[in-house]
Amino acid sequence: QEATFVMASNDVGAPSYDPIRGTKLNAATSLIYDRMVIQDADQSFHGQLATEWESTADGMAWTFKLRPGVTFHDGEPFNAATIVWWVPQFAGTENAFMTDAIESVEVIDDLTVKFVMKNPDPNLLSNMASIFMGIPSPKAYDAMGTDYGVTGAVGSGPFTLQSFTIGQETVLASNEAYAWASNLSENQGPPHIKTLTVREIPEDSTAFLELRTGGVDMLLSVPTDFLPQLEAEDSIAVGTLPGTGIFYIPINTTVAPFTDIKVREATALAVNQKEILDNLFGGIGSEANNFLISSLLAADVDPALNISHNPDRANELLEEAGWAMGSDGVREKDGTRLQVALWTQNGTEFKRVTEVVQAQLKAVGIGADITVFDSATINDQYRKGNEHQLAVRSYSWANADIIDWFFAGSRLGYPNVSMWNDPKAEVLNKTAMTGSRTWEERVANFKAYHEYVLSQFVFAPIYQPVQIHAYSKDNITLPETVRGTRLQSQTVVDITVN
Amino acid sequence: MALLSVQDISVTIGKLDLLDGVAFDIDSGEILGLVGESGSGKSLTAMCVMGLLPRIGGTITEGSIVFDGREMIGLPEAELRRLRGKRIALISQNPMTSLDPIIRIGAQIDQVSTLHLGLSAAAARDRSLELIAQLRIPEPAAIHGAYPHQLSGGMKQRIVIAMALAADPDLIVADEPTTALDVTIQAQIIQIMVELVRDRGLALMLITHDMGVVAQACDRVVVLYAGRVAETNTVEAIFAEPRHPYTRELIRCIPRLGQAPGSLKGIPGAVPSVIDYPAGCRFNPRCAVADDLCRDTVPALERKASGLAACHFSEG
Amino acid sequence: MESAAATPEGDLVTITGLTREFSSGGGLMTPRRTMRAVNDVSLRVPRGKVTGVVGESGCGKSTLARLVLRLIDATAGTVAFEGTDLANRSPGQMRKLRRRMQMVFQDPYSAIDPRYTIRRALLEPFQVQGVAQTAAEARAAVDELISMVGLSPRMVASFPHQLSGGQKQRVGIARALALRPSFLVLDEPTASLDVSIQAQIIDLLEALKEDLGLTYLFISHDLSLVRYFCDRVVVMYLGRAMEILPDATARPRHHYAHALLDSNFEPDPARRKVITMLDGEIPSPFAVIPGCAFADRCPAASDLCRRERPVLTDLGGGHMIACHHPRD
Amino acid sequence: MFSFFLKRLLLLIPVFLAVSMVIFMIVHLVPGDPIDNLVQINSTPEQKAALAAKYGLDKPLYQQYAIWLGKALSGDLGDAIILRRPVADLIALNLPHSLALGTLALAFSTLVGIAAGALAAVYKDSLVDRTTMTMILLGSTVPGFWLGLLLIMLFAVQLGWFPVSGARSWDALVLPVLTIGLGGVALVARVTRVAMMETARKDFVMMLHAKGVPSWQIELRHVLRHALLPVVTILSLRIGWILGGAVTVEFVFARPGLGSLLITSLNQRDYPVVQGSLLMLAIAVMLGTLLGDIVQAAMDPRVRERIK
Amino acid sequence: MAALDPIKTAIRSPRGGASAAVLVLVVACAVFAPLLAPYAYDIQNLPAANTEPGGTHWMGTDEFGRDLFSRIIYGARTSLTVAVSAISISVAAGLTLGAMAGYFGGAFDRAVTAVVDLTWSFPEILIALILIAIIGPGLQSTMVAISIAYLAQFTRLTRAQIMALKNETYVEATTNLGAGHFHIIFRHLLPNALTPVIVAGMLATGDAIILEATLGFFGLGAQPPTPSWGAMMSSGTAQIFIAPWIIIFPGLAIAMTVIAINLFGDALIEALDIRNRLRSS
């Protein structure tokens, strides 16, 4: 009962399995750690280590009932004391924002905890479902110190960590004591796979060939390009999950010509989302018309504010802004050409989208020069603030607070690549981030914030991908439907080896 | 019958006709000098005799080379190999480069006797040590184990001679064996060689451009000029009454002790190069007595008194 | 010893105690070793005469030539040209002075830049010395030089590789003469040439000497050639002057000089002789020899020779010898 | 002779110092303040200062260098920033893979290259020569990433002889070794061929023929042996290539190795790792040339003489 | 002119002639790309993406429906420009450094030699990747990186040449005429050292084309939509299974050019008889 999976190529090189301090965690993390709650594709929450939860009406306190009988891989019990130890660990780490709103944790009884809030945070559950909220064994965590996650990792999840070779592979063994799967899984006991190797393969072609030759059993994530090949193979099955991210173009609002909102709007309208969807992604996934993935309620904005391809309007706007069409198809104004920098990062999908965008911009008279950076350099470059104009980027995040991350005035340069610092937006941001008491309120506030962001054309939406996984039908069997927002532990425990 | 008889051989390399009708004989116990200016074809002749001409891309187009009654031209390479080193040995021009620099001296001498005499390693070694001693090299055993770079030029040349003698050959071809050496060393080497050849009754073909060496060492002389034999005769005759104007001039060019200042005059003009050999006698442009006949007709190598000369004007 | 103080008026160049050391190694691969290529040589070069230097390969002849022309600097000792020490000349003065002293090299094949035509090579001296010439002057200069050495002016368009060795050596001589020097160092100018060509070149050099009133320092390893061509002969061995013969006919008294002369095969089959072979080899130039450098190979060597270095002493009439036991 | 190598080692010290200085400086040459590259997005100046102090970035450069070098010499290459473990451990993890891949690829290209070069030299200017050399040349014109994929498709996918990727078994080494090895074959073959042809022109080879030694013996025992000398020199200078040059191949075959460690950490701005692995490579390169010298000395008595 | 003779000789040999023809063709493509290419290199036609080679598109189309044949022709321009300019910079710098080190020797020489020896033994790809990390991506930086990566080679070669030439008799002869350093270096040493360095440069151009392709694999080098053979190959890897021609044709173009450069270089080396001098580094 052995199986080998390949993680997504952009998960390659994740340095540790430390959910508290880690900033990059790979897909195997969810197999080692359980979270309080997990989320299904429909954004609904399901208990994992918590069985029940409720918040007060003012949102200033949350009570969680913990699952009894849970033990960590090292035999330590999971209980209220664990949570009391766990939450403060985040302070001072890069992941601190996850628990920022929690003032303190109080023990009600051995299996009940209460979070006392600094301010209402309707997003707390969503945070609790994040992969960074996998709960480690306090004893192991304290004992290993900075080595934690590197030389060892102890959670309560369905698999125990056997070995971790960074950049290469992680070997996991089934946790035979496991009996606390969420209701997203059929198998409530230990996983069927007894030894699971999760490999890291940076080259997608290589990973595909591994699957084809049976060298591995499943690719947890496949670039859309490979879909035609995968579907052509009899022995390979392909599954998709709704996407968790968006491809978009942040527009640097502080650099001419994009200080002019008309030029920004024209740029956004020049992007032909359908063309990209159909031709680059074979129609898989969907057009993006605003900043949030469509499963989020805050994505449901006033249709008039959604941004979609409208070249006529784009041309009109540019004319209005004084940019007249030049002889070589690039517009001009006062002797300046409408030639802008278009940055992108290394990776087939990025480069492809960018090249098509370049052609689409050209169609309305905007010339763009592409520069391809590696993903580390590009962030350094954004930080400089005034060297970039347009860029093709993507994010993966299933929560509306991503708008805050990318557009808050406090994060100019990077991650606020749009360099957008608008007083009205700051007010809306504050309200959305800290001023909501309930989930509904939060949705409404974020929607308002989102709508304002859209109205200012500080970015151009492009595409909303889906998640694709592929596996060898001969070797393994997946459950009928794959539950959850991603292919994670709740599905893996159900996988059987043929 | 001469031990080696070279009969009218002509040699080409690529499109160049480098030798034209070269002929001479060598008997056992005889030292034959082959003289001529640089480029006259001395080394090529040696290559022909060694059967090594194909190695430098040359072919013998005419003539024959009879060694010990056997025609060498057309002999298969394997046969030639059995002759080479065993019955005909070579002493090359430059001792500095004639030895494999990364193999011990001894092994290089031993190689010949194991190969041709079928000696065991130990027997070959003994034989080599003996030869080294015969050549008056001190401490043969140490030299046997030394590498070429540890020896001086003169010693190396003696080692090359030892190598040539290792399989008891009948004919040794020595191509300018001393030009790379200092005068005092040169004298040693020539002397040693002459003694050895006389003692063993070998035939030696001694190639040189030094008329002094010829005068001191050779019995008979072949004078080459521009790929042809100008004259052959006994050494005494060559010096006393040269038949060919070139030989005459050549001897006149050697500075001698007590010669009057201002009396040394060269042969006017330059040695013609292969690509533009003149028609007729190849010496005609530099010859004081040349006439139209010399410019048109190639003089045949004819018997003139005790030797042969290729000149329209030399009287028989 | 010839001392600098005693320099007669007739000496163009006076060399005193000239020494040059070379070090090799001391890099990554080898230990540092020092040798004296020229060791305490004193010598006069009389005006209008040919002074010959002979010796076997590596005895320091070329090094001596370079030192005399200050192409390399001496470790010790002086070279005085027309009475002034060359070492005191500034680089600029030295460059000017080079017009007066030129050299003909041993190897005509590499003495001319293969990329230069003969014309360009012949004009280079003027160019280097900053002599301005019109096109016509340049042509005239080249024509004159080329005819002076007996070559056809048609040849000036050729590249060196199109010429024979003898022709190249003539070009080398023409080039050395371009700046009208008074002193010419000839470093084995015929060593790579055939005898028939060697004789031509020697003939030419003799003629030029007469016509232009040149002074020669003539270097060779061929004692019979040197004795034919030179007025005085210096015999060198391992960087030292062993004997100075005052005229070409003088009989060598030094054992080495004698052996050198004796090793020369006489071109006469009627006078065959058994050579008195020298034993042994030339010692390594790196070896430190306290006594006479020739002692190991000398038939007359005594303990004294090995212990104490004989100094060059005058036997009378300018015949000098560094030997404890000269031949009679 | 031993003292010679000791001396060689000592003489490498200044070179090593110069190189380590360059390597150290790389961090400061890369755009962006190293602290900015270290810190989290929303750090306060105090946090930055604390981090700078932790990594010693607040000290003057020469002090930083001295500290860094001092530690490096005692085997402490510091801790990786992103990868959060001792750089020495990371190198220890990757080096064996690089060594295995490198030595095997080296052995492959040496053996095949020498064989092919010798074949071409012996049959020089014949059809054998032309075909061999052109084929080898063809092999070296294919970029590594593409050659790797081609080999995977042929030997792993079509024939199924070897695993596609990974570093889990010995047979997984075959294709990467071939990929790198084939690239190196051309170099070795060319050097061998030319060196053999040059040696064949030497006087002593003619002398061997004159001694009546059979041709094959001359080619193999004498000519080839000489040709190996330049091959050794070239190869010893290639140690750097062998350990660090396999980047693309490591990516394609999803293998660990010093090259990809270096590039990944360079991309992640994980400077201690960059410095550590470069230093490692530099040391390997120096030891490689030293090793080359030793082999040269073993093969060539003239070299032995010079270094006595 | 005499300088052209070896080139003529090289062209006359069968392999030399064939490879010269290929090179002329490639250079012609680079120079006359706008005339030769049937389509513009950047006109996308997404619905026609990944079309197989055929009548309208001789080499098929790429993932954006751009004509591959036209891109190969324009790609010659980029690839050659990058390789040739990088190597030219490298050769020029190498000549200067090498000549100074070789002629003047001393501490400067030792320093140059140490650095050069060390960089020479590092893989070019690493040097280029590190340099690009330092100076940032883009075509220019790629060129600079490639040129620095190869600098050591030419410096070594020039230095070795100069060291050997320095001892030639004609140099001494010229010094003896009263010539200064400048005259010696520029009139005698460099002109004579040039040939092998230029031939080595030419051979390195082949390697530079491959290096550019490899940098393309890491997403560095020519920026889209500018076609370069290397970039085309690297973006083609993703299509390898459905549209292999996207990677095959540029691969062939690279292989053909590099082989031609090598064969012609070999023919030139033979014609110039400089094998030994090339080895001296």
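Labels A, B, C, D and E are assigned to the chains in the order they are written; within every chain, residues are numbered from 1.
Heads up, the rule we're going with is that contacts are C-beta pairs under 8 Å (C-beta built on N, C-alpha and C of every residue); 3 or more make two chains touch, one makes a residue touch a chain.
Note that the structure is predicted; figures quoted are calculated from it, not measured.
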Inset, instruction - Could you tell me which chains are in contact with chain A and with chain B alike? - result: D
Inset, instruction - If we define chain centres by averaging CA atoms, which chain lands farthest from chain B? Would you check? - result: A
Inset, instruction - Indicate the whole-number Å distance between the mean C-alpha point of chain C and the mean C-alpha point of chain E. - result: 49
Legend entry - Cα-centroid distance, chain B relative to chain D, in whole angstrom: 52
Inset, instruction - State, to the nearest whole Å, the distance from the C-alpha centre of chain D to the C-alpha centre of chain E. - result: 22
Inset, instruction - Hunt down the residues of chain D that sit against at least two other chains at once, touch-wise. - result: 31, 145, 149, 251, 267
Inset, instruction - Going through chain B residue by residue, note those that touch at least 2 other chains and give them in order. - result: none
Legend entry - Complex contact set, residues of chain D against chain E: 14-15, 18-19, 26, 29-31, 130, 134, 137-138, 140-146, 149, 194, 198, 230, 237-241, 244-245, 247-248, 251, 259, 262-263, 266-267, 281-282, 285-286, 288-289
Legend entry - Touching residues on chain A, where the partner in the complex is chain D: 13, 15-16, 94, 146-147, 149-151, 165-169, 199-203, 205-207, 209-210, 212-213, 215, 374-377, 380, 383, 410-411, 414-415
Legend entry - Touching residues (chain side chain E, partner chain D) in the complex: 15, 111, 114-115, 117-118, 120-123, 125-126, 129-130, 133-134, 136, 206, 210, 213-214, 217-218, 230, 233-234, 237, 240, 247, 251, 254-255, 258-259, 262-263, 275-276, 279
Legend entry - chain A contact footprint on chain D (complex, rising order): 31-32, 36-37, 40-42, 80, 82-85, 90, 93, 145, 149, 152-153, 156-157, 160, 163-168, 251-254, 256, 260-261, 264, 267-269
Inset, instruction - Would you pull the chain E residues touching chain A in the complex into a rising list? - result: 42, 44, 46-47, 49, 63-64, 133, 136-138, 218-220, 223-225, 235, 237-242
